[in-house]
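Note that subunit A is present in both complexes that follow, paired respectively with subunit B and with subunit C.
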Partner chain A sequence: MTSMEAIIFAIVSLIAVVGALGLVFAKNPYHSALWMVFSFVGLAGLLALLEAYFLTVLQLIVYAGAIVVMIAFVMMTIDFRKVGGLSKFVPQWLWGLIISFGILIDLFILASKMKIDVSQSGKNLAIAGSNTKALGMELFTHYLFPFELVAIILLVALIGVVVLTKREIK
Partner chain B sequence: MLIYVLTGAIKLLVVFVLLLLYALFMLWFERKALGFIQIRIGPKLVSSGLEGLLQPIADMLKTLWKEDIVPHRADKLVFWLAPVIGAMFPFAAAMAMPFGPPLKIGGSYFYLSVVHVNVGILYILAALGLTSYGVLSAGIASGGNKYSLISAQREVAQMVSYEVVMALALLNPILMAQSLDLYDIVAMQAHHLWFVFYQPVAFVVFLICMFATAAIVPFDLPEAEQELVAGFNTEYSAMKMGMFPFGQFVTILVMSSLMVIFFLGGWTGPIWNGHPWILGFIWYWIKVFFFVFLFIWSWGTFPRYRYDQLMNICWKILLPISVLNILWTGFALIIHIPMI
Partner chain C sequence: MISYSLVDFRPIIPELVLLFFTFFILFIDFAIPKAKKKINGFIALIGVAVTLVVVLSLYGSSWTGFNNMIIFDKASGFVNIILLLTAFVAILMSLDFIKREGINFGEYYVILLFSLIAMQVFCSTYNLIVMFLAVETLSISMYILTAIKRDGLRSIEAAMKYFILGSFASSFLVLGIALIYGLFGTVDLLRVKELLTGADSLHTWIALVSFVLILIGFGFKIAAFPFHAWTPDVYEGAITPMSAFMSIAPKAASFMALMRLLVVGMFPIQVEWVKLLWIIAVFTMFFGNLVALWQKDLKRLLGYSSIAHAGYMLVGITAANSLGYGAVLFYLFGYIFMNLGAFSVAEYISKKNVEGCLIDDLRGMGYKYPLAGAAMLVFMFSLSGVPPTVGFIGKYYLFSAAVKSHLYWLVILGVINSAISAYFYLNVIVTMYMKGGAKEEVVSFPSPYLRAAIVIGAVGTIIFGVAPGSVLNVALSSIVF
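Here is the complex of A and B:
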């Protein structure tokens, strides 16, 4: 039973990692977007493995379904041949490499400090039953203030976009 | 565990075959019903005794033997992938769709859907949302064909806009049933009136979104033959072209069943309610196929909206109405207005 979950965990995490690598290394921006969806499907699979089904489908709806679609929507204005001929990385690639390598080492240190048991990978540690209700209760009682704050920040961003794009017209 | 996997696999296979048969049947039914609406006869020569019932099989064989043309400038991989995505995700959505009332065997229930999760509706919405990648990929991969590109742009804008309103419309029955489980929502309506009587506004909003999501005639802007040749289909040929309508037909079925489950009581009927099991089954499919027919009906009778009208309907009319409707539903639930 555990071995089967470990196998599924390996497949799903492989999908997430391969998708992320493809996202970075693909030359065509639309291929990058498709790899991103692939990676998000893998992440949703990880959440499904934890039996957090509500978060699984939200991951698919919000990230794979809406956000990447909006990114791809912007690509309608791109000449793909021109973009494909550009060099793959921007000149600041060294800094990016250093920072992401630092974060990776940080994660490794955290994992070793927390003593994460690899043999437990893929095992369900989440609460039993419907976690939609539990999530909603927590979000609207204990974490109400941060929740409202995030909503207001999003609203500000929304209004900001409208103001920025309408400025030229008048 | 093994028996669980085995039943899942068998269910998957059965549903897949049923959906393929349904899509073939729809090819015939669409042409026949459109012919009836336009006072024509429709297909009749293949299998003359059966009103041309074997026509889709002939169509399919013809499509299989056609030459498969890939444009020189096309993005080969994505060009090949697009119809697969466009046909795959509606099938994935249909995996959570109930094919009838749950069978009671002994003490436990046997559900007639491949997966039964407690967030079934969200799963279906997610799968339908990912469907738009098919048309989007087709448009972008067609190698700079302007019809395909405009069509893909329209499809994506339409999908993203109407998905929001559709989710908001579905939120009202979800709030009333206090569950995201499709079976729970029907169970709630078995004890009360159907949700269409409590939520007429949400019903109408969902009805409009249903046509928009399946891209059927008043909202078939991605495919608008008169302005965009065939939209995203322009560069496609042979079997690749045939896969897009397959996906669309399955989307139609899933949307119809959502409509029936959320607003028209699923497998509960006005009379002969519930027992025996087969009556619920019949009620359910009568209602579902009425909505499938409604899609074709609108296909044959409505003119097409303009693009700006489409966006105005969604963002300026449907969205405010849906938000107000949710506020009212929440208010009514908090002050406990009794349900009949």
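Here is the complex of A and C:
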């Protein structure tokens, strides 16, 4: 890892971590959603550093875009004042803290034991030059059948939403 | 570079035929006036019948397609027959019922057929990704079909529970698949088997963990013991034809997929999974039967009974020999007639806009509706495993397969469970014939199609109980792995 990369890494990981902390500690749920976007952008930067460009774009479009919009949309259907009056943490927050620290330590141990070779990052998928291209090739040739199945899932979900919410016009 | 040709479409011919009818209903539904929506049901019925004929004519051929993503072999052909028969009877039960309940949409049949297609795919693949997508399609369809009675509080509640628990189970399933992919770099069970055979202890242990995760997802679908919680609520809250459909079709497909996973993919760790399934089978049987003793609602009773029956079928898989796997398929085949029949009778005496159906309402039914009463008698005897019904033959082969593998304790516990189950099944019969007249007048639901469903159930239960030979041979010979 060159020094330039190290600096960029520090910046994007800082963005990701600060975003995550902001998400947890923000008072206003809408601010939480915005912090989440911030954190997701940082994550996308990390993925870009790993040369996983397809995942970077997915992270930005799907998570930072669609998912956050959906969360904001759901919050609009809830009474804002009621949400504001709630206590910030669930009563089991201590357990959550212990478990997440456990996972964190776990990750550190794994990382030190496995001696992950960072210089080889992103090489496994980027065989054909661009991993987006390789991924597309795999998806539309090797995994063509599952890909077509996904179309049926989406169709079923679409029909289901219409059936369950449609009301007769009197 | 992979290229596909028309040859690849051979294994999905049944799915394509059904897909054609599904889209046909979806498009023609707009043109059908409100009073004649029943036409949709008839098209669905014809579609299922045509697909059944296609599957029967293709039975015996062995094809793979789409880069080994999907296969058509004898086993998937047999499960296809089970699925299509179930759907046929369930549509017969629905034709008048959904009109009475005011939910007569074409989309009902569309989603039913889509779920059927998903199940067909689910039972005919060795690929975990395809399995996962098929499970998702069929689960989403099932959530929608549970909630299809949009104004019924019970059905909305049941659908919500089913949805949340189901999504949770799916996440375990996908985590397990991801671990398998991470370990072996493939999701093809045939390849996993090869790689797992020569794997070191670390890989084997992680494979065991991922196997357990996948088993949670599958166990949820077949309602095995720790993952059964949704079953009674969903069976009670959903409309009766859907409870009937749900109690057989997804289970049949899941059992087939589970067998493919266990027998092919996880063959190298067979010793471990036999132990695990032994425990799950015993707990599933005991839980289903013991809790069913206290049930007051017929549909809830059938829900718990279906948990117990999943336990019996797990005994067949635990036996881990081809007799056991064939016996599971035959049991599923027999289960269509007895369970669909029992649900049909529950629908026969159901009241409009009431989701449940109390056992007490059956009082005096044996005299007022002698034929339906006699049919219920046959179904209850068959479910508890009394000869000469199909339930007895099925259980006999399941337990004899376990004896063949020297699992004597499992068989003893299974037979004890059969004895426990006789109590609550006979209680239904006693209520029908010996507890005097009903408090309220029992009104039957006058639908010729429903009557046809009851007759199909009763005739099938007896015929395949007296002369199981041909179907049994087909079921036993269709296990080729």
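In this section, the second predicted complex is superposed on the first by the 119 of 170 C-alpha atoms of A that agree within 3 Å, B and C clash if a C-alpha of one lies under 4 Å from a C-alpha of the other, contacts with A are read in each partner's own complex, and residues count from 1 in each chain.
Convention: a contact is a pair of C-beta atoms (placed from the backbone, for glycine too) under 8 Å apart; a residue touches a chain by one contact, two chains touch by 3 or more.
Computed from a predicted model, the values in this text were never measured in an experiment.
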Subject >> Larger contact residue set on subunit A - subunit B or subunit C >> reply: B
Original post:
With the two structures laid over each other on chain A, which partner does A:L144 touch: subunit B (first), subunit C (second), both, or neither?
Top reply: second
Original post:
Which partner does A:M75 reach: the first (subunit B), the second (subunit C), both, or neither?
Top reply: first
Original post:
Which holds for A:I67: it touches subunit B only (first), subunit C only (second), both, or neither?
Top reply: neither
**OP:** Once the structures are superposed on A, label A:A157 by its partner contacts, choosing first (subunit B), second (subunit C), both or neither.
**Re:** second
**OP:** Name, in rising order, each residue of subunit A that touches subunit C in their complex.
**Re:** 141-146, 149-150, 152-153, 155-157, 159-160, 162-164
Original post:
Where on subunit B is subunit A touching in the complex?
Top reply: 1, 75, 77-78, 81, 117-119, 122-123, 125-127, 129-130, 132-133, 136-137, 140-141, 144, 149, 152-153, 156-157, 159-160, 163, 180
**OP:** Write out the stretch or stretches of subunit C touching subunit A in their complex.
**Re:** 1-2, 4, 26, 65-67, 69-70, 105, 107-108, 110-111, 114-115, 117-118, 121, 127, 129-130, 133-134, 136-137, 140-141, 143-144, 147-148, 150
**OP:** Report the residues of subunit A in contact with subunit B in the complex, numbered from low to high.
**Re:** 1, 28, 30-31, 34, 37, 53-54, 56-58, 60-61, 64-66, 69-70, 72-73, 75-76, 80, 130, 132
